[in-house]
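Both of the next two complexes hold chain A, though its partner changes from chain B to chain C.
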Partner chain A sequence: MNPSPFQVTSRLVKDVAVVYPQGYLNNLAGEGLVSECSRYARTGIKKVVVNFGKTDLINSIGISLLLHVMEELQAVEGTLCFTDMSKVQVDIFEMLGLSKFFLFFPDEDRALQFLNVRER
Partner chain B sequence: MPLHGIPAKEYLNREDELAYLRRLADPGADALALNVLLVGARGAGKTELLKQLYQRLFWEGQQVVPFYYSFKTAALKSTTFARDYFSRFIRQYLAFLRKEPLLIDASGTPLHRLMPLISSLGLNWMAEGIDNFQENAGQGDIYGQVFSAISAPAGAAQRGGRPILVMLDDFTTAEELHEARRGDASGLTSLFEESMKSSLCPHIITGSPASRLEAIFSDPSLYKGTERLRLPPLPEDIAHDLFVSLLGKEIACDRGAALGLMRRLRGNPLYIRNIARSLRKTGKKALTERDLSECYGAEVSEGDTAFYWSSVFNDCIREKGLKRPVLRLLMHRLSRGECDGTERLSQVLGMREGDMGKALDVLDAFDPGQDGDPVFADYLRSRYLREVEERSARDIQACLREEYGAAPDPSVFEMVIPMGDQAELVAARAVDQIGKNIRLEPDFLNYIQMALVECCINATEHSGSYEKKIYLKFITSPQRLEIVIESSGRPFSPDLLQEVPVEQKLAAGRKRGWGFTLMRKIMDEVRVERIHDRTRVTLIKNINRSEVRK
Partner chain C sequence: MELGKALFNIAALADLGEEITSEKNFQEKLHSLLHVVLGTFLASRGAVTCQDRSGDTMAFVARRGFDDLSPAAIDLGRIRSAGKNEPFLNADDAALAAAGVEVVTPLWVRDEFIGTILLGRKFTAEPYSREDFELLRVISHQVAITLNNHALFLNLSEQLNDNRKLYEEMRRIYHDTLQAFAAAIDAKDMYTRHHSQRVARYASAIARELGWSDHDIEGIYVAGFLHDVGKLVISNELLNKKTPFTEEEKAEIRRHSLVSYKIISQIKFPWKDVEKIIKHHHERLDGTGYPDALSRDDLSEGAKILTLADSFDAMTSERAYRRKMDLRSALIEMNSCLNLQFDDKIMLAFCRVLDKEIKGELPEPDILPHLGRESDLTVISAMLEGLIEELSGQKDGG
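== the complex of A and B ==
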């Protein structure tokens, strides 16, 4: 693990927002992620995929902000999917008893498939 | 005798525990629990903690009446116990009201002689209670008698208008309460259930070994409303302070050597006191590494510590013929680190399967409960060498010294990081490299990094101090990785340390506070202590072979 400064990028695939948090997911970064998701939500997007492929480390504040995103999406009956998490990251959610609240997929394609979206 | 604790100024590092326990019965504070199960290794200071608490309540308190009772092998016949428990309670109550310590110890005084005092204090309800108890005692109903003794504090709390803090020491011995012979009346401990329900009469219960104490409390009737308070060993530096102060000003001791000894003693105050006492007896004024190792060898083979363990051993293993088999079994486990099946064991040790089965049963009940305690291991080793291998005292000392010297010095890294600026990542990088140096698996290290990051974040959030620094210490040995994280600032509130179920947490809108849960899940042990004006969190992870790269 070699945490780098945080950055969040995103793209829209049909009606799904795919978000890419990079580096260290802490309070600062987590808020960036929350506002990115809210931005999409305001335009009526209800499906969000968070791809953790470039995320090095998630701390507990990051986790609490992910819970926040989940609640926002739940309020509009949206769906939140996590993909490309490392074994340790998945484990952490498991340890905290939080895995039942999220949908996990090995990669983005499978999450998009689940959400009935086919790229191109 | 509850008032005979060590002087408060010699009592180190248990302020948090004392404060927590004091809150139990304080009518003003909202207590966190009804009853507390105090668990800790033998010699960790459970009895002393109760005495210190007693002392403070007795002299400083006005409202809460402390009652201390220690279960003794000599008073386990139910009728004897009932009388003993009841009359001690009455005397301690009166002693508190009169601030007269002599009353506590005056165990010979018959209860009726206390009547004038009781009536001069206007405690009619107590006089009635004594009459009732004595009537009961005449009727030969054993359960009734024991029950009325046990209920005395709860009754007094109700009628006397003062809460009572009941402290039951060596409660594991209470399991052996009986009518005429051991084992003829089981379940007498469950009679405590009723009085433990009274909110005016909280109980603090302790005893050894922890596993047996826990087993008694797995009974759901006793379990409800009972919190656990774990009494950790003294931290290394405090242990060293204690050791130095016990040696006294006139004796000098090499600091490195002393710290090595403290590590061997695992911060156990009982061991520290014992060895300091024997070192004083040597009459030497400047102690070297060699002095310490020699004294240690003598201490665990024939000193007070050996005597202590012998009496625990003999008390648990009463059948003479079983002592040797149990000793051999323990030694086998110690050197092999594993428990094989009965058949295999009897082959290896050349013992009959029947004997082996019996020895295993006894061993289960004995449960020294001091896993990984090198002092206990050395005691066993010396006893084994003497009784099974029949080696000479000189041989034994030589073996112990070798064992003492063989313990490798752990490597220690220290660093100071600022709070904020993602400095926790710097600490995470450090632990990564330290772990790599001892060939730990990267995945394993990832978890440790998570725990460490959480700990640093916590320190930052609780700081509020002028000194925005976090002090870190990484201590590694082949068996374990220990990280000590210190920072000044507000103490953590105990609520933070409590585990709350996920659903409850989410429902309460509390999305934060996962840090401690995470640390606990990842590490084998998480200790939180207040050392002077700093909070110290110690994260400990034992290293298994699978976590080390080939």
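== the complex of A and C ==
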């Protein structure tokens, strides 16, 4: 089965950017995720939630792209939250020692609660 | 090494293989390969450099970060003296250190230095491990082969391009020579100036209408140019004689197609049967032509095309012994000779292409520009439409 083409959508919830990568984060189309996060960072948004609920798999290219996102938020002392990740993905990030650079949440609501954002 | 990390490394190698064999363009491929390397070693800065063909300078072919690093500042001597595809920690090169390069891998294929992979520190700030270096050595080897293959491909492409230019140049010279040769043939007879050139164009236009390949069209074009080469051995007085030929003179004139064949047979053409097409351009479907008195089934399509093209030009040109025919009269004459002299399939193609030229449907007409302007083209077009309908019906009806 061919993986679905990668695409990114996002929305702003108060001062938090919620980004939804969709598809297989394995190719250069994934740079759309980096540019989406950069776009918010340039407008002063320092809190970013990336919802991986519709991301099938993350390979080495995907990790390289996420390093970029982590670095950008680190530079502005922002907060990066990852949600809706599969256990396999969480295990990989922990094994690589990357989990200290962002926060894991089971779902988007809990990430937004943590960031003190209430949706109406 | 723990199992999870080993599996991650294997997956990284699989990612590398997938990118190397992908159909992306070379620049995208290198960009992806760099991302594979960065993601595998958790480096947020990295670059792939490639040596130019002179071997004097390096250039970045993919990079993330290292914006202040100039390839010219890299000490290539130091890198070349390190082990082939063996990563090492940068300790001595101040320019690399200043740019944040922590690991350097010289890329080699056999005895050829290709370039480097440069990596910055790990995002996690951990040091590079022995296992990292082992994996990087394997990856570097694959990247080096990819870069080398691309360089080989470029070399081949350049050679191919040079050969193509050379071929085109030779082809142009060849055609110029043919034209000069044809002009020499036609110059023997003051009434047949440019005859060979016109026959070549008419024949190739018919062949194109019949769906011949470009290669075969070029072949019949050449046959058209050379079909009368045998006239070189016939005296000018005879060719330009204004009174009717005697039987003996007719026999002498008729020798030209066989002489043409004998001359042309000495040339090894890249096109099939040029000499036979030339030999048979005065044959007739009814078997009364010369030199071999062949009939319809024995004649090639090329010979039938050349016969019609040659006859049409003869009819529509001045001759020493008669005035030229107008286009309408020539078409009537050709139609009356169908299945005796001319093949109906070739006649149909000829009518179609001429009709298209009259209607302006062909950007570069081959026939119309060579015809006199005295004919009413509206009338001719209507006549051609009638002929096309008639010939199409005959063809469909077998």
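Keep in mind that, in the parts below, the second predicted complex is superposed on the first by the 116 of 120 C-alpha atoms of A that agree within 3 Å, B and C clash if a C-alpha of one lies under 4 Å from a C-alpha of the other, contacts with A are read in each partner's own complex, and residues count from 1 in each chain.
The rule is short, and it goes like this: a contact is a pair of C-beta atoms (placed from the backbone, for glycine too) under 8 Å apart; a residue touches a chain by one contact, two chains touch by 3 or more.
Note that the structure is predicted; figures quoted are calculated from it, not measured.
Per the definitions stated earlier, placing chain B and chain C onto a shared chain A by superposition produces a clash between them.
Once the two complexes are overlaid on the shared chain, A:L96 sits against chain B and chain C alike. Shared-chain residue A:G44: touches no atom of chain B or chain C.
By the touch criterion defined above, A:I63 lies against chain B and chain C together after alignment on the C-alpha atoms of chain A.
Residue contacts after overlaying the shared chain place A:N26 against chain B and chain C alike. Of the two partner chains, chain B is the only one that A:V88 touches; chain C does not reach it.
Counting contacts by the rule stated earlier, residues 26, 59-61, 63-64, 67-68, 91-92, 95-98 of chain A appear in both its interface with chain B and its interface with chain C. Residues 1-3, 24, 26, 57, 59-61, 63-64, 67-68, 86-88, 91-92, 95-98 of chain A are the ones that touch chain B when the two sit in their complex. Partner chain A is touched in their complex by these residues of chain C: 2, 4-5, 8, 11-12, 15, 19, 28, 31-32, 35-36, 38-40, 42-44, 64, 123-124, 126. On the chain A side of its complex with chain C, the touching residues are 26-28, 59-65, 67-68, 70-71, 91-92, 95-98, 101. Interface residues of chain B, counted against chain A in their complex, comprise 422, 424-425, 428-429, 432, 443, 446-447, 449-450, 453-454, 457, 501-502, 506, 511-515, 517-518, 521-522.
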